[in-house]
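Worksheet: the structure to be examined is printed underneath.
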Amino acid sequence: MPEKKSIYRRKVNFYETDAQGVVHHSNYFRYFEEARGYLLEELGYPYHKMHNEGLYVVLVEGNIRIKRPIVYQDTFDIEISLSIENEYSLSFGYKIYINNTIHSTGYTKHCITKNTKLIKIPEFLVNLIND
Amino acid sequence: MPEKKSIYRRKVNFYETDAQGVVHHSNYFRYFEEARGYLLEELGYPYHKMHNEGLYVVLVEGNIRIKRPIVYQDTFDIEISLSIENEYSLSFGYKIYINNTIHSTGYTKHCITKNTKLIKIPEFLVNLIND
Amino acid sequence: MPEKKSIYRRKVNFYETDAQGVVHHSNYFRYFEEARGYLLEELGYPYHKMHNEGLYVVLVEGNIRIKRPIVYQDTFDIEISLSIENEYSLSFGYKIYINNTIHSTGYTKHCITKNTKLIKIPEFLVNLIND
Amino acid sequence: MPEKKSIYRRKVNFYETDAQGVVHHSNYFRYFEEARGYLLEELGYPYHKMHNEGLYVVLVEGNIRIKRPIVYQDTFDIEISLSIENEYSLSFGYKIYINNTIHSTGYTKHCITKNTKLIKIPEFLVNLIND
């Protein structure tokens, strides 16, 4: 199955921590979103270009598994991959590393809407992924 | 100067704390926003009614002074007051109490836009406040 | 399998929306956390009591499936259930309803730590769930 | 009055926007916090070094004035300055620019605690600022 990959590097901000002293789990989905934006930009198709055409990438499922916490000022890498699930569904996989130690994994699934109506994944996007 | 007052009660959520073990300061502005929604609803003019008419209450200034921190599961009261600054500007004042001890104070200033254009404070809102 | 259930009611705050006009998906995990706190309090074992004993409920996996978005000022119910997966793992299930229409489902899995060390689920908690 | 300055560049994330289509005002205080961390690191005194010595920079007041909104994928610069208010108080000023247009200004005031007790601003920090 064709897929596109990239690595997105990020540093933990203080306001992303909680009183357990670690990154609050909800923030992983914010990091994942940043990584998606980064990958789509690398593919030459940044989100704002989509928005201008009335296209939205809508999250329908999200999953996170935390093996080791990350803390304030950690610098971590998200290894992100994008693949096509079917005509209507994209999926992204995520692996969070610090150095070579895996800390978390996750995935998200998305459909595409145009002017709020569900559409098939546009051909240009299929082509970008298959290239 | 005529003003409207109310009390909004809230409990601290865990995800609102940070690694210092207290509510992160950015969240005070989220509590203030909840209190504004509560007061406007009490006045008979909930936000969604405004939105339906294309009206937005836009924040132009916000201020917070924290005297004592608040922590997970604290229940606090926001004493909120609304007054008219001038034809174009509303201001809200906030005092956060736990029991009778003051923990924080703040204020926010707002203008009103209709379909994204700045307008004078609508008469109905002036009347609600003066009533 | 014994489980405990409850219903937690919540109203969407404006700051929980995003530029797509809906609740940002990361916030579902914050709603779930609120619902867990609510259920544990109903069971007579609020989080702060755990914290005082050095116990933490640590999230190891989280999942959300969004079928229909929720928007500013929606009032929704979370039907939450708690069950024991095994000696070391608790799981919570969540169903988000508005009126009788399901909008989202999710689950989270958790282990328990005492003074940062993984422990078996304490007997009192097992008993609370089995009661 | 001696002060230290720096410029911190940042790009708006989607999850920082709200249903008005702009960055939610609470997030400015998160951007400010990032800029403080950046400046302190540039001065050779990153937060985590402070934390290791039991020192915390505690926010006692925060202020934001928004002249022009910022939106998803805007890249903006925060011009940040640090100065000493008095023996017990530091203040930071912030100006947010996109290209050469000012969008917002703000300030925050902070005291220093050591093991949760208020202390005078440590001499090393005074020296870093006066250097």
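Think of it as A, B, C and D in the order they're written, each chain with its own count starting at 1.
We take it that a contact is a pair of C-beta atoms (placed from the backbone, for glycine too) under 8 Å apart; a residue touches a chain by one contact, two chains touch by 3 or more.
Just so we're clear, the structure is a prediction, and the values are computed from it rather than from any experiment.
In this assembly, the chain whose C-alpha centre lies farthest from subunit C is D.
Interface comparison, A-B against A-C: more C-beta pairs in contact at A-C.
For the pair subunit A and subunit D, the distance between C-alpha centroids works out to 28 Å. Distance between subunit C and subunit D, defined via averaged C-alpha coordinates, is recorded as 34 Å. With centres set at the average Cα position, the gap from subunit A to subunit B is 34 Å. One inter-chain figure worth recording: subunit A and subunit C are separated by 24 Å, centre to centre, where each centre is the mean of the chain's CA atoms. Along subunit D, residues 14-15, 26, 30, 33, 72 each make contact with two or more other chains. Residues of subunit C that touch subunit D in their complex: 14-15, 17-19, 21-22, 24, 26, 71-72. Residues of subunit D touching subunit B in their complex: 20, 25-27, 29-30, 33, 56, 58-67. Remark: subunit A residues 13-15, 30, 33-34, 37, 46-48, 51, 72-73 touch subunit D in the complex.
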